[in-house]
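Read from first to last, the chains carry the letters A, B and C; within each, the first residue is number 1.
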Amino acid sequence: MKFKAKALLTAGLMTVAGLGVSAAHAVDLTMYYPVAVGGPVTKIIDDMVQRFQKENPDIKVEAVYAGNYTDTMTKAMTAMKGGQPPQLSVLFSTDLFTLMDEKAIVPIDEIAGRDGKQWLDSFYPAFMENGRVEGKTWSIPFQRSTIVLYYNKDAFKEAGLDPEKPPTTWAEMAEMSKKLVKKDASGNVTRWGVEIPSTGYGYWMLQALAIENGQKLMNEAGNKVFFNEKKTVDALQYWVDLSTKESVMPKGAIEWGTLRTDFLEGKTAMMWHTTGNLTAVKESAKFDFGVAMLPAKEQRGSPTGGGNFYIFKSASPEQQQAAVKFIRWMTAPERAAEWSIKTGYVAVTPAAYETEAMKAYVKGFPQAVVARDQLQYAVAELSVHDNGRIYKIVNDAVQAAVTGSQSPKEALESAQKQSERVLGRYK
Amino acid sequence: MVAAVMSAAEPKAARRRNWQTNVNAWLLLLPAVVLLATFTHYPILATLYHSFFSLGRSGPAEFVGLENYAYMLDDDVFWQVLRNNLVFALATVPTSIVLALLMAVWVNKKIAGRSFLRLAFFTPTVLPMIAVANIWLFFYTPDYGLLDQFLKALGFSGHNWLGDPATVMACLTVMVIWKEAGFFMIFYLAALQVIPPDLKEAADVEGAGRWYFFRRVTLPLLMPTTLFISINALINSFKLVDQLVIMTKGGPNNASSLLLYYIYEVAFTFWDTTYAATLTVTLIAILAAVALTKFVYLDRRIHYQ
Amino acid sequence: MKQNGSSIETIAAWVLALLWLLPLAYSLWSAFHPSEYATRFDLMAPLTLDNFVRAWHQAPFARYYLNTLMLVTLVLAGQLVIATLAAYAFARFRFAGREVLFALILVQLMIMPDVLIVENYRVVSSLNLLDTIPAIALPYMASAFGIFLLRQTFKSVPNELVEAARVEGASSFGVLWRVFVPLGRTTYIAFGLVSVSYHWNNFLWPLIVTNSVESRPLTVGLAVFGAPETGVDWSVITAATVMTMAPLLLAFLLFQRQFVQSFMRAGIR
């Protein structure tokens, strides 16, 4: 009896002491994150952060929406260079080299704890590719995607196409698009066959086309690019031909941000877009739509995309641990599933697809797993040193080609020349 | 005068007063001098200094002389951006001036509702460029933007105004003229109002027509204002890049990019601060050239008033 | 011959004025009507404040307003004090280096902080002031323009008034405060209006220097808000745009005359 009382008392005291200590020791984390897709994403993040904080009262996370990927990277770097770095951030999976060059981040393996290796291995390997360099893991996948082909099933039926048979090859896509084009009485197009966005992330779309044509755009070490290879040029040529020769795509630059609306308003029957827009499209679509893997030329393929968690070197060991805890929580199967369902991003672990919530969702909405199934054909996104600049150069080349101011060959030659200059300037 | 007389008679006291004057003056000037030195003069010199160094990404920054400048001269985007700025200046400055003059003449007349006119023309000036850009972005949006809807109602087809390198500069020019003309109108208004009315009466007596009077009397009298506005507008055309941040981000393919925007991109998106410094030096040189032209050449010509 | 505009001119002027107001009118239309009416100009369309409510909730506009107010106040206060002191020195003191210093100050009229963003950023960062409102304000607080205007005004103050004050035993500072400042009232108002307009609407430098909601002014908040990555709901964006423009616009409508005269005065050099 006496012993029991003593034990209880000790336990009680320790708990109180523990609570006191943890309450006094609330670790503060600041996190910048981007949103590049539609839907109430900031609300979803805020909600998840609230719940995490409830379960972990000793950690406070301030999640700051910082714009798109480029803006968020800019903000994080600005803050870091200004002496007020965030402790963690969601940034492009491909910002890795730049972040390493700026000596901004810490390898996750070193701070992940005892079961770290297991935890890291639980993610889809395709998503870990962009985060692994020199045998270390530098980032954790969070909002990951592939490009998918959204198509309007009602439009298919209208055009006499089988709504369950989306195009599987480049030729098929061009052919079907022709049938899907609708014109009004004066010959103006009221519905295009397909739209591929050339602003925002034009290089991403180009990479998809290049992969499908069997061409890689960069080497492992991130210091060589292959923009002017024949297969890359051909890939861009196919894209340009869709608007100039086949007339199934509008001329000029197609906006990333308004493309989703174009699709929803029936202005285009098919669109290439990130799976991250899936839920936003699902919520607003007034018609039946399908999701398919991107069509193949020599092979199927899509680059992965999206953002990873990075932990900053300047965070104190305590903060780093807290950050790891937060990341583990956010990427736990239940949350990964929830995130995927709410946005359309691919859930980052196979375990997430085994949760009840996800299984039920997929049953009712099989489009949700197309992006995941495409992972087998996915390749790492274009990842090089000074990636921000290289992306701009490729985006410029894509825009030059689709607006007709340069031929694909010229545009990509110029891109190659500029990229080599940038990668060489590196001193 | 009193002081001068006194100083002649008491050199020592005068020197002390001089010393005190100097100290007082410099004390008064201290905050201004410190701030200006820190945020204007030092940055100009520092920018020049940094443009001679390498980035120092993998190792310390080293002195590389004119290498950054060579890189800049070899940069196609730089030439594009410079060309854009010149085209932009040429397109906006004369047009704004003509419109501003027209507006000022009208507002100055006894036309019905001239305060309304003045209000209408000047309002864009008090709006932030960012807000203006948002509004016009919607106008120019393909298909459901106002402009396309208007054209379609008339039977024309829409166009991707901001996404087409051939039209994007024109569209931005129109928007900037809309924003700036009212501002310049004010200067013309002020100048018009000081033209003595007896000049007009004298001209009327001699039977001079309105247009003749305008051409031979008003315009020359407005010359100083015109030149003043030109310089202002020219400087503005180099400074005004807010709209690019949300409308085109300099695209498509740098067709709408301007020098200051390119500097922003290079410095804050690519973190290539030494190249940004090089570009800034170029921008400073251009502005300095405009300033010199004003001070040396134009100010001398205006001095008859 | 009376100076009456011919009717053609009147019509032309009115047409231009209406055209000129169109963009603003449109943004008001779009902000106050539901999204379906964004491009349908049905005069019977229902008015709604819903867009504003949504915009208000999607971004911390209250904070942005506060930040902007603090910013323009800080800038103006600093500018007024610094320019007054400096202009006084230039106008009334004969001291060593006066001409050279004045020329140096005029440099800022041509090469404004707006173009020196790269270095200024570095300076602010080394002062550890990044992401604060003072950081936005500092480069502008010494206003060459203000010094220039006030110097002209101060120079035109009649000597008798200065002598009178001195006779009453006022120190240099007392003379400044009791004679010059009151006489410069119209210049101060003019400069104040120009400065507030400029800094309320300033964008690029605040964009670079601020990272977080706590220091972001309205213009930057609006830009982040309208970022097209997430797809655009024009009605909400125009509502946010109207919220950003509203204060200055309202002030302008109420004090039209003062605004116009201020800008006029500021331009007469």
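Everything below uses one rule, namely that contacts are C-beta pairs under 8 Å (C-beta built on N, C-alpha and C of every residue); 3 or more make two chains touch, one makes a residue touch a chain.
These numbers come from a predicted model, not from an experiment.
> Answer with line, ring, star, complete or other to describe the graph linking chains that touch.
It is complete, because no pair of chains fails to touch.
> Taking each chain's centre as the mean of its CA atoms, which one is most distant from subunit B?
Max centre-to-centre separation from subunit B belongs to A.
> B-C versus A-C: which interface comes out with more C-beta contact pairs?
Contact tally favours B-C.
> CA centre of subunit A versus CA centre of subunit C: separation in Å?
That pair's centroid distance is 40 Å.
> For subunit B and subunit C, what's the span in angstrom between their mean Cα positions?
Taking the average C-alpha coordinate of subunit B and of subunit C, the gap between them is 15 Å.
> Give me the residue numbers in subunit B that touch at least two other chains, ranges are fine.
144, 268
> Quick check on subunit C: which residues sit in contact with 2+ other chains?
208, 227-228
> For subunit A, jot down the residues that touch at least 2 other chains.
Within subunit A, residues 78, 255, 258 contact more than one other chain.
> Residue numbers of subunit C touching subunit B in their complex, please.
1, 3-5, 9-10, 12-14, 16-18, 20-21, 23-24, 26-27, 30, 39, 81-83, 85-86, 88-90, 93-96, 98, 101, 104-105, 107-123, 138-139, 141-142, 144, 147, 172, 197, 200-204, 207-208, 218-219, 222-223, 226-228, 234, 237-238, 241, 244-245, 248-249, 251-253, 256, 259-260, 263-265, 267-269
> Sort out for me which residues of subunit C touch subunit A in the complex.
That would be residues 58, 124-125, 128, 130-131, 208, 211-213, 224, 227-232 of subunit C.
> Which positions of subunit B touch subunit A when the two form their complex?
Residues 54-59, 62, 71, 74, 76-77, 141-144, 152, 155, 157, 159-160, 162-165, 249, 251-255, 265, 268-272.
> Contact residues on subunit A for subunit B in the complex?
The contact residues of subunit A facing subunit B are 70, 74, 77-78, 98, 101-102, 186, 188, 198-199, 250-255, 258, 265, 267, 386, 388-389, 392, 395-397, 399-400, 403, 405-406, 414, 418, 421, 425-427.
> Which subunit A residues qualify as touching subunit C in the complex?
34-39, 41-42, 64-68, 71, 75, 78-79, 81-84, 200, 255-258, 260-261, 280
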